[in-house]
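In the two assemblies presented below, chain A is common to both, partnered first by chain B and then by chain C.
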Partner chain A sequence: MTTFHPILKNLEQAVFSKDPDRVDELFQDKSITDLDHALIVNALTQGLETARKELGTMTVSVAEFLLSVDAMRQGFEHLKKLAPEDKDRPKAVIGVIKGDVHVLGANIIAGVMEALGYDVKNLGQDTDVEQFLSELKQSKASILGLSSMMSTTLADMKETIARCKRELPNVKIIVGGACLDENLAKAIGSDGYAASAAQLPETLDEIERLIDPKKTSRKYVDYDRKIQVIESS
Partner chain B sequence: MDGLIYYPTISNDEKLKTYFLKRIGCHSERTLSSAKVLDIAHDAWKKCLETATPKAIVRLTQVEEIKEDNIYAQGISIESSLWAGLAKNASNPLTLAVFALTLGSNLSQETLNAQKHSLSESYILHEAGSIIIENAADHLETMIREIPDLKNLTSSRRFSPGYCDIPLLNQNAFFQFLVPETIGIQMMGSGGMRPEKSITAAMLFSNRLPDIFPCLDCRNDKCQHRRGKRKETGP
Partner chain C sequence: MQIRKVIKSLAEGKIPQVGYLPDSLLDSLATISSYRGKISRLTSLERVLTTIRHKEPDRVPVAPLANAVARRIIGVSFPEYSTIAEKAADVFTASVDFVGADLIVTLLDLSVEAADFGQEIVYPEQSTAQPNYLNPLIRDVDDYLKIKSIDFSKAKRMNEFVKLCEIMVNRMGFKTLVSGFIFGPLGILSMMRGANHFFKDCLNYPKNVKKACGAITETLVEFAQAQCDTGIPALAIDTLFASWNALPKNVWEELEGPFAREIAMCIKKNGGVVGIHNCGHNLYFDAQIRSMEPEIISFAQLPDDCKTPQEMKARYGDYITLVGYIPTPILVNGTPQQVMDECKKQIDILAKDGGYILAPGCEYPPNISLENAFALVKAAELYS
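What follows is the complex of A and B.
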C-alpha cells in the first residue's frame, strides 16, 4: 500500500491552512481516486489535528479553527462520493439537552469527533431523553455526548444519563458545556468530561478504555505520526 | 398598564464592527492564519444587520415592597438579594421597567442554516448576533429613559435573569408579567428562550439610586463579570 502521495500532504495542508476551496480543488484531481480511502481520511484528520493543537495553545481563534473543521468536512463529503462509507467506524450520538438551544459547542465537538474517526449522529438542540435513547438503540452507538450551557438543564441531564445507563448500560456518556466542570460531570453520573474540543481526544481515549480495555483504538489520527493508518484490532 | 412595543435600532458604526472583529480574533495585534475568516466575518456582519429585526415589549410597574431577597412590584416579584439590597437604599417611589427584546427568528434560522455548510460561518454569525442584541438593548435602555414618567429619574443598568445577580428561575416571572410571546419570544422549560438572540431584563428608576449595579456589594471578588471593586465593609 502506498503510504505517501503528494496529494495527501496537500490535503493535510489545505485543512490545516483552513482552506475548504483548496480541498475542493484537490478532489478534482483524478489521481485521488487511486488512493486508499483510509489514507485520505488520515490526511484530512492530520490537518485538523494540527489545527486542534494550535487551538489548544490559543495560537488560532475558534473561528479560524472552525474553518479547518469546515475544510475537513468538505473533504469527507467528497469522500462519500468516491468510496462506499466505512461501516466499521465507532458510532456516537451527540446532542444538546432538552431546554437548551445553544448548539454551537455540540456542533464543534461533533465535527472533531468525525475527524477522529467516529460516525457521529448529531441530534442538535433541545433533545429529550426519548430521542437520545431511540437514536442510540437504532444506531447501536457506544458513546453518547451530552452538552448544556445552562445550569437549569442539569436535572434533565442527570435524568438523561440515569435513563441511558439503566436502559443501555454499555453506552458510555461524555458531557460538556459551560455549566459543568469535572466534579459536577462525575456527580451527575457521566463517564467522562470534555472541557473543550482541544481536550476531547484525551477524554475519548479514556472512554474507549472503559468500553474495551484491550481494544486498539479505531480512531484515525496517528498522534505520533509513526504509522499512516491505524487499523482496528 | 399594557406592554409598549418598541423597535430599537442597531448602530451600524465602524466602532461596533471593530469590536465584533476583535471578539472573533480579527484584530491588528495578531496575524490571521486565514484571510478567509475576515471575508466570512464581513459577510456575516452584513447579513446579521440585514436579517435582525429588533422588537421589544416594555412594561413599567411600581415597586411596593423590598425584602432581603426580593423586590415586590405590582404584577411581578424579582428574587435577587443583590438587587433587593440596592433597591433598599434607593429613594421612594421606585419604578421598575421590565422588558423583553428579540432579534427575531430569521437570524436564528440563518445561523442554523449556516451550520450545515460552515461551522465557522455559523459561529461568526452567532457572535455577531450576540453583539448586535446587546447594542439593541443599549438603544432600548435609552428609549426607556426617554419615557416621560422616567425622564428625570436616575436609572440602574439593566439586569437579566440567568446572570449571577439574578437567577434564571426568575424568567418565569418575567414571562408572566410581559407575555413576550406577543412579540414572538417563547420560553423553554429551562428558562432559555427562542429565538436564541432574545433578552429579558429590568431596570430600576428612582430620584436617587446608591449604585447603578450591585456588584459593589457582591462577595465574589473573582467574578469575571464584576463591574467595579467591592466596597469595604468593616475595619
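What follows is the complex of A and C.
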C-alpha cells in the first residue's frame, strides 16, 4: 500500500479533469480493493482541491468545477461499496433561504465541504427555518450554511440566523451568495462568510476554531500542512 | 429613409434612433453639449448622449436602476408589476419622478421570455417572479431538441413587455433615455432547466444546447424588433453566462456568441444603441464585444482581463460606455454616506473623458429602503 499507487494519481487526475467515466473505469480495477480507504478518499478530494484552487485563480469556470464535483461524488459512491461509510464525519446542514430558488452555489459548497470531510445534508432551494431547525436537531450538525442569491430574501436570512442561534446556540452559521459581502454577513448575525468555494476552507477553519479552539482538524486533507492522511479528532 | 425615421421620432416627441445619425454629427453635438455643460445644466438626454460619445457632460449621468423597489412608492404588487404593462410603467415613472434617473432600463425580471416558452413561473407577493425549478420545462438533455421558436403574437409576457416599452417611450419623451431589455438565450434555457444541470449540459451536450439557442433566438430577434418598433432608442442584452461564474470563454463564444450577435445586429439595424448587462464575476468583455459590438456595458464586477478599475477604464473606456458598478451589499447594508463615498471613488476613476454612467452593478435591491438610491443620485450631482 503506497500513497503513490498509480490508481491514486489517476483518480485524482480523473476528478480534476472532470471525467466521471474514468473514475468508473478506475474503480473496476481490482487492485483498488487493496488500497486503504483513506488514501482513495484523499486522491478524490485532492482532485477536487486542485480544481478548487484553479477556480480561485479563475482558470477553471464554475461549470467545469461542477463536473469535477460530480466526478468526486461518483468516486464516493463506488467507495461506499468497498468500505463502510465513515459515520464519524463532522456534520453540516446547508440550504437556500426560503423564497430563493438558486441552488447552484449551495450545491458547489456542498461538494467542497464533502471533499473537506464533512457529512453534508443539502436541503436545496426554498428552505424555511423550520426545515433547517429540524434537520439540525436530527443530524446534530455543528455547522449551518445558508445561501441566497437574491437580495429580496435577506430579511428571511437574518430571521433564520436569529432563530437558529436562539434555539441552537452552539451551531455556527456561515453564509454566502451574490447579494452578500463580509460586512453584510456580519450585520445579519452570521459567524462566517464565504465569498466563494475558493475561500471556503479558510472560512471553515475559522468556524471550527469557534466551535472548539483545541480541536484537531478532522478534514480528509489538511491542505495547510500538506499531510495526505486522515487525522483523528 | 433613416433620416425620415429620425425626423418622425423627433416630431412625435421621442428620442430618435441615434444609430441612424452620422458619427460626425453625433460627435459634434456631444462636443457642443460638453462645452455647454461647463456653463449650464444639461438635460438627461444630452447628458447620456454626451457621455456615450465619450465627452464629459455637466455631471456624470446616473441610472439608479430603482425598478421593482419603486413599486412601494405607488403600492403595486410584485405580480402586478411583472404582468401588467400599465402598472409596471407607473412604477418606472414613479422611479424617475421620485428618485431621478438619466437613464432607465425596463428590466422587470428574468422570467419574461421563459414564461412564453412554456416554463411554469411563480409570482410571489414579496419577491420577483421566478421559474418553478421543481417543474422545469427541460427535464433531460433530449428536451433541448424539442424547443422551437414560438408565435410571437401569442407571447403574452413578451408582448406585455413591448407595451411597457411603448408606454415608457411615449411618457418619457425627451426627458429620460429608456432602454429595453432582453435576456440572452442561454439565460432563458437556464430558467427552463435549472442552472445546476444547465451548466453541465453546456459542457457535456453543447450541440443540444446550441440547437435550442438557435430556436429561441428566432423569437428573441422578433422580440428585439418589436421593442425597437416602439421607438425605444437603446436595448440591453443580458448575457450573464459570459462570465467565469458560468462558462469558459470559448464555450460561451461557441454557444451564445453568434446568437447574441443576431439580436445585437437587429437592434443596430433599427438604429438602436446596443447595451450589455452582465452581473457575473470576471465577465468576458472582449468576447462580448466581439459578438455584439455594444456601445454600453453594465457590469457588477471587473472583466477577466483587468485587475483594477483603472485598467478597465484604460482598456475599454475610450470606446465602451461603462455603467456601474456600486455593489449590492453596500446598497443593502451601507449608510447613504458610505454609498456616496463608493460613488465618489468610482466617479474619480471612471468619469474622466465621458463614457461612464454611475449605477448599481445590478438592479437596485427591490425590498430595501430607497434612501441609498437617493444617495446615488446625490453623489452624481455632488462629485462630478
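We take it that the second predicted complex is superposed on the first by the 225 of 233 C-alpha atoms of A that agree within 3 Å, B and C clash if a C-alpha of one lies under 4 Å from a C-alpha of the other, contacts with A are read in each partner's own complex, and residues count from 1 in each chain.
One rule holds in what follows: a residue touches a chain if its C-beta (ideal position, glycine included) is under 8 Å from a C-beta of that chain, and two chains touch if they have at least 3 such contacts.
What you see is a predicted model; the values in this text were computed from it and never measured.
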Exercise for review: Using the overlay on chain A, decide if chain B and chain C clash or can fit next to each other.
Suggested key: clash
Exercise for review: Considering only touches as defined above, state whether A:139 meets chain B (first), chain C (second), both or neither.
Suggested key: neither
Check your understanding: Given the touch rule stated above, what does A:50 touch, chain B (first), chain C (second), both, or neither?
Key -> neither
Check your understanding: Touching A:131 in the superposition: chain B (first), chain C (second), both, neither?
Key -> neither
Exercise for review: May I ask you to decide whether A:187 touches chain B, chain C, both, or neither, giving the answer as first, second, both or neither?
Suggested key: second
Exercise for review: In the overlay, answer first, second, both or neither for which of chain B and chain C A:199 touches.
Suggested key: neither
Check your understanding: A:111 contacts which: chain B (first), chain C (second), both, neither?
Key -> first
Review point. With the two structures laid over each other on chain A, which partner does A:150 touch: chain B (first), chain C (second), both, or neither?
Key: both
Practice item. Give one of first, second, both or neither to describe whether A:13 is in contact with chain B, with chain C, with both, or with none. Key: neither
Revision key, fill the gap. The shared contact residues of chain A with chain B and chain C are 18, 61-64, 66-67, 70, 99, 101-104, 107, 150-153
Review point. Which bits of chain A are touching chain B when the two form their complex?
Key: 17-20, 54, 59-64, 66-67, 69-70, 73, 98-104, 107-108, 111, 126, 150-153, 156
Check your understanding: What part of chain A is in contact with chain C in the complex they form?
Key -> 18, 58, 61-64, 66-67, 70, 99, 101-104, 107, 125, 150-155, 178-181, 183-184, 187
Revision key, fill the gap. So, in the complex, the side of chain C touching chain A is made of residues 124, 126-128, 130-133, 194-196, 199-200, 202-204, 244-248, 251, 279, 281-282, 304, 327-330, 332-333, 365-368
**Study point:** Touching residues (chain side chain B, partner chain A) in the complex
**Key:** 24-26, 32-34, 36-37, 40-41, 112, 115, 117-120, 122-124, 126-127, 162, 168-169, 188-192, 194, 196
